[in-house]
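Both of the next two complexes hold chain A, though its partner changes from chain B to chain C.
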Partner chain A sequence: MVEKPITGSRKAFMTGNEIVTWAALASGADIMFGYPITPQNEVMHYWTRLAPRFGREFLQTEDEISAGFTVCGAVQAGRKAFTATAGPGNVLMQEPFGMAEAMRLPVVAVIQQRGGPSSGTVVYSQQEVTLTAYGGNGEGHRIVYSVATHQEIFDYVIKAFNTAWTYRFPTFVLGDGYQAKMREPLELYDPAERGIQLVPPTPLVGLPGAIGEDREPQHLCNIYSLEEELYDAVLRLEKDYQAMAPLVVEWQEKNCDHAELIVVSHGVVSRAADDAVQALRQEGVRAGFFRPVTLRPFPQQQLREALRRSGAGRLLVAESSQGQLLRLLRQELYGERVPIDALLMPGVGIVDEDIIAKVKSIL
Partner chain B sequence: MARIVEAYVGEYASGKSEIAINRALELSGCGQPVTLVDLDTVEPFYTLRPLKAWLEQQGITVVGSGQEESFGLGETGGRIHPAARWALRREGVIILDIGYGVFGARTLNLVEGAQADPDLRVLAVINTARPMTSSVADIVGYVRDLGRVDALVSNSHLGDQTTPEFIIAGHRKVVQAARELGLPVAFLAVEERWREPLEAVDLGGVPVKYIRRYMPAALW
Partner chain C sequence: MAKLTRVALAGEGGQGVQVVAEIIAEAAYDEGKQAIYIPNFGLEQRGGVSVAFIQVSDTRIGAPKFHTGDVVVALSSRAVRRTHQYSGPQTLYVYDSSFELSPQDYPPQAKQVLGIPALERSKAIHPRVFNIIVMGLVVGLTGIVSYDALKQALDKKLGYKFEKNPALRDMNYQALDAGIEMAREALKGGEFAHAE
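Let's look at the complex of A and B:
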C-alpha cells in the first residue's frame, strides 16, 4: 500500500518550487515530464526525490518540446500529467500547448516566469503574461491562474488539475522566479479532508464499445486541411471557452468602495499593491485594489463593475514588465473612458513604497 | 585560542546562510577577524550576494561575488569565486556557507585543504518544518546521505508563523536524531524574540544561540 503524500494538514516552511511538487502529489498527479530550466528546477528535483516514494513517475525528455508533447500523450492515455518550465522553455512548449488547445487536452503546466528578451536570463520577471495567455498559433483558449503567495501555489496547483480535467482546456499556474525561490510558511493539506474532490482522470482514446453502435467517435483533431473546417473548429472552441469562462474566472477586490484610483496588479506584485493600498487608505488616500487571479479568462466584467461602483476616475497598473498586463487591461476594458497610468518595472521587484510614491504622484 | 573553521551544509532552505551570517557576526563581535565564504554553487543568484556590501560594513570579509561582479554572467551554471578555493589559508575565523543537499556538500571538495584541516567542523542545519527532514527517521536518513557531518544544528522554525511549541518539538526531534547518528547537537538557533519563552525550557543541555533573520533582505 503506497502511503498518502499528505494526511490531515500540517505547517511547513518551503520554497515555491517544492510546493508545486507537494501540491501535484496531493492532486494525484501520476507523472511529470520535464526538462531542466531555472527557476523551476527544484520542481523536478523534488518530484524525482518524492515520486518513487508515492508510486508516481517521471521522465526527463530531450527538450521542452518533447516534455510538452509527452504530457499531451499521457493525458490522452488517462494519466494526470504535468510539466513545469520557464522563459525559453515556455516558448518551446507553445507548440504542444497549441495541440492541447486544439484537442482539448487537460494539460497542466506550471510557469515560473523569468526575464527577457533572452534565452539565458534566469532572474525574476513578470514577462511571460502574453506568452502564457496568448502564446502559440491560436486564440489563447487556455486558463491562466496567476498566484501570489505560497499558500496559493499549493491551492491553485490542486485547483488547476481539477479545472483542466473538468473543462479540458490547457491550464497554467503562473508564478515567477521570486515565488519559485522564496521561503514562506504554509499549510499543506490532503484535499479530501478539505472537501475538495479530485476530478479523476479518464482515458480520451481507446474507449470501450463499438463506434457508431455503443458510442460516438472520440474525435481529437489537431489538423484541419480545409479553411472552413478550421473556421468551424475555432468557433466551437470559442463558444465552449466563453461558456466555461464565467465558471472559472477569479479575482480579488479590496477597498474599491469610494476609491478615487484603483491599483491593478497580478501575482507577487499584488502583495505589494495590497500593502500599498492599505497604507494609503490609512493616510486618507482613497485607493482601491483589484487583482485578476485568472489572467485568462480575464475578470473584465468584475473590473468594469468595480470601476462603476467606486466611481474611480483613474487606474494604475503595477507590474514587473513593460506593459503586458497593461495591454491585457486595455483590451479587456475597451470602451471605458478611465485613464490608465502605469508603473512598469521589467525584471525588477515592486515594493509597496514604489506604488505609494506613484499613486501620490498621480493624485 | 583555538582556530574556528565551520562549514554549514544541509537541506535546501534549512537555514544554512542565515546561520552562517549570524555565526560570522557573533564571532566578529567578539573581536576576531572573520571570513565568510559563499560556496553555494547551486543557487548563485539567491544567496549572500545582496548582503555582501552590508556584511563587509560590519567588518566581515566576504569571499564571494557581489552584485556587480555577477552582472553579465547569466546562466553560467555553478561558479565559485576563485578566492574561495584558498579560503582555508586565511587568518582568523572561517565560516563556509555551502550549497544544499548531497551535491552541495561535495562543494567542500573544491576547497584546498578541506580534507586535512584539523579544525574544520561540518555542521548540518536541520529545520523540521522542511518536509524532507520533518521526522527523526527522515533526519537520520538525510544526514547519513550528506557525507561527512560532525554535528547537527537545530533550527526548526516556520518563518513569521513560528511558535515556541514548534521550536521545542522540532528541537526534540533533532536531539533524538543526533543520538541515533552518534553526533552532538552543536547549538539550537532561535530568533531573538523567543528568548524569554525558551529560557525555562529543558533543551537537553544544548546551548542556545539567539539569532536575527538577515536573509529575507537577500531577495528583494
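Let's look at the complex of A and C:
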C-alpha cells in the first residue's frame, strides 16, 4: 500500500508550482505529461521528485502538442492525467484541448500565464485569458478557474480534477508567473478529511461486454463526415455545457451594497482590487468588488444582479492585459447600460494604489 | 516595525540574491508572519540582473508585487540602473559602494541613499559569504525578522553544507553579524553613510 501524500493537514510555505504538485498528488492524479516552459517548469520538477514516492508516473514528451495529446490518451485509458504549461506552450496545446472538448475528455491543465505576444516574457501576465477560455477551433466548451492565492491553487487543482471527471469537459486552473514563483503560506490537506470526495476515474474505451449485445458502442468522435453531424454534435456540447454552467460557476462579491462603482478583476489582480476597495470604503468612497472565479462559464447573472442590487453606475475592470477580461465582460453584460472603465496594464503587476488612483480619477 | 515592509534586492545572477530573499521570507514565515517573496529574472541562465521582491507583514498581503520598496538594495552597477524604478520618495536606497557609481547613476527618487561596501567587507571573511553579509544588512536596516529566526532559517537552508564543513557555519554567522553591524553603523549616520 502506497502511503497517502498528505495525511490530516499541515501548514506550508512554498511556491505555487510546488503546490500544484501536492494538490495533484492529493487529487489522486496518476500521471503528468509535460514539456518544459517557464514559469511552470517547477511543476514538472517537483512532480518528478515526488511522484515516484507515491507510485505516480511522469512522461516528458517531445513538445506541448504531444503533452496535450498524451493526456487525452491517458484519460481515455481511465487514468487521472494532467499537464501544466504557459505562453507559447498553451498555444500549442490548444489542438489537443480542442480534441478534449470534442471527445468530452476530462483533461486537467494548469496554465501559469507569462507575458506575450510570442515568447514575450517569462515573468507574468494575464494575457492567456482569451486563449485559455476560447482557444482552439471550437466554442470554448471548457471550465476555467482563475486562482488568486496559494490556498486557492491547492483547493482548485483538487476541484479541477473532480469537475473534469464529473462533467467531462477540459478543465483549467489559470494561474500566472507570480503565483507560480512566489512563496506564500497555505494549508495542505487530505481532501477526504475535508469531506471532499474524489471522483474516481473510469476508462472511456475498452469497456467490458460485447458491442451491440451487452452495450452500445462508446463513440468518442472528433471528426464527422457530414456538416449536419457536426452541427448536431456541437449543439449537444452546447446543451450539456449550458446545463452544467450553473453548477460550476463561481464568483466573489464584497462591499457591493450601495456601491457607486464596482471593480471587476480576476486572479492575482483581485488581491489588489480587494485591498483597494477596502481602503476606498474606509475613505468613504462607495466602491465594490466583484471577481469571477470561473472565467468560463462566466458568472454573468451574478454580476448583473450585483449591478442591480448595488445600483452602481459604473464598472472598472483592472487586469494585466490589454482588455481580455474587458472583452469577456462586454460580451457577458450585453444589454446593460453601465459604462465600463478600464485599468489595463498588459504584462505587469497591478497594486492597490493603481486601482485606488484610477477609481478616484473616475468618481 | 511597520505593519508591512517591502524590500527589493537586486544583484548579478549568481550573487545569491534569491537565496537571501528565500531565507528572509522563510524566517518571517517561521515567526508566524505573513510573507511573500517573488523572484524576478530575465531569460539568462547566468549573467543577468536578478531581482527579489520581499514583503513581510503582520496581516494578509494583497498584491504580490509592489511599485516602490521601503528598502531597495542594489549590488552591482547594472543592478542600480535596473532598480531606479523601485525607489520612491520614501525609499531607503542602498548600493554596494565597492564599485564606482557616478552621481547620475543615483536613483532619481529616494529618501536616503546609502553606499555600503559589503563586497569589500566580505573579502575579510570569505568572498562566498557576500550574500549573507547582504542578508544581515537587509535585516539590520529593516528589522523585518528577528535575529534568531533568521539564524534558524539560515541553518535550515544551508544546514546540510554546515554538516559537512562546520567551519562554514561560523563563517556564515560571522558574515551575518558583519552585515547587521554595517546596517547599525549606517543608520547611525556613521562611517558608511553616503557622502559625496
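Some notes on this structure:
Here is the rule we use: the second predicted complex is superposed on the first by the 362 of 363 C-alpha atoms of A that agree within 3 Å, B and C clash if a C-alpha of one lies under 4 Å from a C-alpha of the other, contacts with A are read in each partner's own complex, and residues count from 1 in each chain.
Just so we're on the same page, a contact is a pair of C-beta atoms (placed from the backbone, for glycine too) under 8 Å apart; a residue touches a chain by one contact, two chains touch by 3 or more.
All of these numbers come straight from a predicted model, not from anything done at the bench.
Of the two partner chains, chain C is the only one that A:E353 touches; chain B does not reach it. Look at A:G120: by the touch rule set out above, it reaches chain B but stays clear of chain C.
When both complexes are overlaid on chain A, the residue A:Y334 reaches neither chain B nor chain C.
In the superposition on chain A, A:R271 makes contact with chain C only, while chain B stays out of contact range.
Contacts of A:R49 after superposition: chain B is touched, whereas chain C is not reached.
Of the two partner chains placed by the overlay, chain B and chain C both lie in contact with A:R183.
Within chain A, the residues touching chain B in one complex and chain C in the other are 13, 122-123, 178, 181-185, 349, 351.
Within the complex formed with chain A, the residues of chain C that make contact are 22, 25-26, 29, 34-40, 42-43, 61-67. Within the complex formed with chain C, the chain A residues making contact are 13, 122-124, 178-179, 181-185, 268-269, 271-272, 274-275, 349-354.
By the touch rule above, chain B contacts chain A in their complex via residues 12-13, 43, 45-46, 74-75, 127, 129-132, 134, 157-162, 166, 219-220. Chain A meets chain B in the complex at residues 11-15, 18, 22, 38, 42, 49, 118, 120-123, 178, 181-185, 188, 349, 351.
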